[in-house]
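Labels run A, B, C and D following the written order; every chain starts at residue 1.
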């Protein structure tokens, strides 16, 4: 039925199957839209956030997906600037993932702020000392870049490419991709960092506050590193997932294992610095502001196990696994460690966003709990559903994996 | 945001931050505009067909992009860097100079039948990778037609859209379209020139074209000893393409394709097969 | 007169916790003065808006020994590294260099609530609902303070409306020095036991400056280095130890060991 | 050459100028200002603009009668503060007073007379005409003159001039009853009259020369006296000042006064009498009293061959008292000693708004303690005072007596009229209801809002709200001398509001106007030429003799002024019966003392003891500014009637969790409450406020107030300080 839209030489499941797959996600999407609508129309009283828990599920989501989306800029950087051609076979997929993550994050942010119509004030009266300003500027720019990177892929669709003007434009745009890759890398570097800085600068929240290196708190750099570690793993995982779901080989194993290696290296560096940072924080930064660090882990909910899980189980362990060729070659190990890497980064973002707010500051504060309302969850799942749908459509109608055709023949 | 907007301060922070931001924005905009301008320029210079072929070529699997000198065994492994256009290819010239006997340099015989795997591939003409042939005439024009394999792949087509007389063809631009059932494809033009007469499936040739400068116009086309190794690969590819979609149709009797493949196996996804064989993405 | 010759003031408060009885008059006066709207039926302690909030704390001993103190908690007007100012993406939070008061510009706030996470005193409040007054009550609003709308953050600004009036009064007299008696925040005015002292910390003669220097004086979370301009006074050691966790802990240990 | 303009030139010019303007600040600044100043939605009310004025009046929310200074815009008050130097509050206000100007906008404000029908949980109101109501009343009053029962008037603010008017009319009526809330001071001083050989008359407190206050669960530091009296004590609470007043709070509840007092002595609920006896026992045992005086003053102190006070007290040894009250014997002893050592001392035993009265016997026991402590001696802190002079025809013999609820037989009232200007002293409806003749009685309330008892009436007539009404403020019980002030309206009353007096006048077929009445009263006061007058405008106090005419006096009073009587020097000699003059006094006092606390009551493990409490003017919704949510909903400073507070141990035992919802149940009903754990609360009890209620309007339908006091079993209701109930998870 939609054969004439599908790239030549690749096999795609019949249309009805595709619809069956999309349908549930579509419904989730609808539900999410309703939730988001309520939050916009009725106000944020629809959420379970409050004056004490001013950030909730959404900010956590933003930080996490943006970390995962880092694959787009990192791969682009390696491919176009450092000319690592083994990544050519995943770059398209990476770009789509990046686009999904970033557009999703920004959409949620627009629901999260109380006055979305005033969002442009940030550009109009920017406070250049605020991490959030940095984030806003970089995100908007980078989203534009991602769209420009996504456009050529769309134009490569079998029907669209038949239109000469599009194809010619795509052709020329693609020639300039190196510029976008460069800009993307530059922007990402800053907003990934600023997202870390977001909490690192909170002097009033010694659990999150970190000493400054130059003009940025250490979390600025930790976030960049952890994002660089998460990005490749995310691409790796999604690619593997798509292969499983579509029952096709899409990329050579070398590519996946190379992604794993990247992840492993970045993660090792990250964990190293993270550990140093943690030690400094526990022994100096926190106590000097009147907060004995161990008290943070007094709470039943957040014991020291959190720190252990973050640094060792989901940090050191996958790092070591990914550094060893033997494990990388083995699919099972590769995928497992990728999952661990992502879990680690997700946990890190959770600790920074949620635990920071749950912990008391004043002596007579209570330890707070927070459970998102269904509207928040809906808006959250809106992004997930939107991502799945956009990716599925892209995978079906656009040449996401250039190697697919070749691999199909080399069977 | 801007110097005269409330809250703007002339401090280092503002200048650096906004400076960087504006440069990024300008860079993005500039690059975009640049791409547009280039695109327009390409249109002006009629490079559309060329670019379309180039884009297609990039998406072709590596084995298909093999250099003619790899086919002829002169070099072990070489992928063509200029989209099968040897006219300006320095390497091609070098090969010819190094080895005058190189099949790439020969000119077709005056006449003669040639049977390859039960397909007729007369050696009196040039062949293009898009399964077309070019036969020069005395009057300086050339006939362009589908080769035997191409003809059998297409079979008795329902609908052929040929270019109007006087229209211009680019090398590996679109020569004509054929459609049959759900399948459609464009046939790559093997040669550059002006259409002077149109034929069709019945006539045995499709187009009469007047090229500029015969010698260079056909330089990139396969000939003589180059044909067999290429055809061998093509038949392999065909075999695979047919088996790929699971209908399990195979080339009939001892590897000789039947007259009208589509007729003999209607279940096969001919759109895919055509795309594969006529080098369409 | 030009900027240079205007006296630079640092307005601050000293709150005597040994006097405070937790009656809540300050809290109400604050809400009345600043046109804070009544809470919705579903409002609770975490979604409500109380620029001035009086917190009841106990010394942790059990019945019948437990001792109680009441801590009026509002924006502490941090002077250094003011956490909320640096984080606001669009300059909706600013420190007035002339008064040292941390101001909030609701018209420019986009409600990202970053400043709220930044504030260790939880002194910032978000308008989860549009303000709503019973029919006719809008006629009884304070003419000097504009109500805020849904989706923006607000907080104590030492009764900016009153500062404005005081300045107007001074201007009428052709001076830029405002008379201290003209500028008294609502909570200070309404405290039945005069537990709150307000004034210019730069003015040596002012009570507040003297009290800030007394040995009973302390500030909450002073080790964060944000130099709050709100001081608290108490002669009770357990109350003073509430200042930060390190102190509170030192007590625990002496108790246990 | 001639200048010719082509269209092209014009376009160029326009385009050029636009481009030019873009590089000037103009468009950007414009956009900027727009962005900043267009940010308030049109649905956000604009603040009023207009003339700013200041006017004075007196707060009528509670008996204290604080001076109020109102800042007004267009004549409408927008900020209230205490009147400077005012003898009652000296420039301060309580939180309720600060927001009192909102009461006119109460969501449950009535605009017309209504007929009330109570559904389950909600209330329907149907507008009716005033005449309809009056017709109903006249029919019912016709009945109530006959066998159909009596006509009762419940005065929620006794002691006002209009109260005298009511009592006069009721006295004329055959079956007229003048009813007041059981916590009313008048009833409590009646106990003293019961003890005194000759009536003692109104009681006042001279707190200026007190050094120790022994409070029996009275909210001494939280609304009992006037701010002017309590603020000094509160200010010096933690100071090392030698003659700072020491407050010892005897209270089962961790009440605000208990929190603020210098010493808190928690005792088992309802054992106040026993503790009073116990302390008296020590004083007498150790001979810490003035034997000469007591000997002469107390007929029943020691009667040979007859049960006497000393016999009674003799039984309450510290150990025995300790058993009864749960207060350790040495605390009892030390308290007794410090009362004497740190004299002058006074024991205060009024009830409180939430907990209600202590009970007659307990009151008598406490008065006895006061006599032992010499508080009623000529230099003592309890004084006899005069009433503010009354006009002709209002002498006490012309007035019907003041009755407490317990003095009225069940099912006897045919027509109940409620003057519901509610001071926040709650009277549980269940108590009132059983006095009515079932299905035949008519209840009509005069109230500005559909709150409190008005919710239980069949008809409610809207009266002017606080600061709309003209009313007078009687002398507060804690005042040593008579005072008189007037709460003059600061707001114009809306159409259709009727003063309660006008309704009552119609009922009694007579004339009555608030203004005339008050003018008579002020003239009467002025005529005596006694006392002095506080002028709000200047903040000064001058002898009344300095005022030229009653009108001038009136003007001062209606402008937030206040009249204060001269103290009476001579204190006539009194004889007191320590146990009261009733024949069965001994037995009754003994029973009261030996009474078992509900805490030790029949041991059913799931039973807890509920201790209601509440701040005056916050119990009952009538006097709650909508803004009071700040205190009891948006911050935990005051607890609403929806919060039950428990000791952690108790909560653990009943596995109730802090922050969860629970169901409180007695034989008479259930109530949903939020559970809060507090280490300072007595184990085994539930502390729960008798108010405030969250403002009772959800959308258009009015939600019934569910006061904790409604759960009291009317049979064991008085006093309702403590009762048994179960609390389980919701």
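Please note the rule applied: contacts are C-beta pairs under 8 Å (C-beta built on N, C-alpha and C of every residue); 3 or more make two chains touch, one makes a residue touch a chain.
Keep in mind it's a predicted model, so treat the numbers as computed, not measured.
K.L.:
Any idea whether A-B or B-D has more C-beta pairs in contact?
P.N.:
When B-D is set beside A-B, the one with more contacts is A-B.
K.L.:
So which chain ends up closest to the centre of the protein, judged by Cα positions averaged per chain?
P.N.:
The chain sitting closest to the overall C-alpha centre is C.
K.L.:
Counting only Cα atoms for the centres, state how far subunit A is from subunit B in Å.
P.N.:
For subunit A versus subunit B, the centre distance works out to 41 Å.
K.L.:
Could you state the distance in Å from the CA-based centre of subunit B to that of subunit D?
P.N.:
98
K.L.:
CA centre of subunit A versus CA centre of subunit D: separation in Å?
P.N.:
For subunit A versus subunit D, the centre distance works out to 61 Å.
K.L.:
Determine the centre-to-centre distance between subunit B and subunit C, using the mean Cα coordinates as centres, and give it in whole Å.
P.N.:
77
K.L.:
Among all residues of subunit A, which ones touch two or more of the remaining chains?
P.N.:
Where subunit A meets two or more other chains at a single residue, that happens at 115, 118, 121, 124-126, 129, 133.
K.L.:
Do you know which subunit B residues sit against two or more other chains?
P.N.:
5-7 - these are the residues of subunit B that touch more than one other chain.
K.L.:
Please set out, as single numbers or ranges, the residues of subunit C touching at least two other chains.
P.N.:
Subunit C, residues with two or more chain partners: 44, 47-49, 55, 91, 108, 130, 150.
K.L.:
How about subunit C: which of its residues touch subunit A in the complex?
P.N.:
Touch list, subunit C to subunit A: 40, 42, 44, 46-49, 55, 57, 71, 73, 81, 83, 86-92, 108-114, 116-122, 124-130, 150-152, 220-226, 241-249.
K.L.:
Note which residues of subunit A are touching subunit C in the complex, please.
P.N.:
Within the complex, subunit A contacts subunit C at residues 43-45, 49-55, 112-116, 118-119, 121-122, 124-127, 129-133, 136, 198, 201-206, 287-292, 295, 356-357, 361-365.
K.L.:
Quick check: in the complex, which residue numbers of subunit B touch subunit A?
P.N.:
Interface residues on the subunit B side: 1, 5-7, 13-14, 17-18, 21, 24-25, 27-28, 31-32, 34-36, 38-39, 42-43, 47-48, 51-52, 54-55, 59, 61-62, 182, 240, 244-245, 271-272, 275-276, 280-281.
K.L.:
What part of subunit B is in contact with subunit D in the complex they form?
P.N.:
So the residues of subunit B touching subunit D come out as 2, 4-6.
K.L.:
Can you list the subunit D residues touching subunit C in their complex?
P.N.:
Subunit D reaches subunit C through residues 36-37, 39-41, 43-50, 52, 73-74, 76-82, 89, 92-95, 97-99, 101-102, 104-107, 221-222, 227, 231, 234-235, 237-239, 254, 256, 259-260, 264, 266, 625-631, 633-638, 647-648, 678-683, 694-695, 698.
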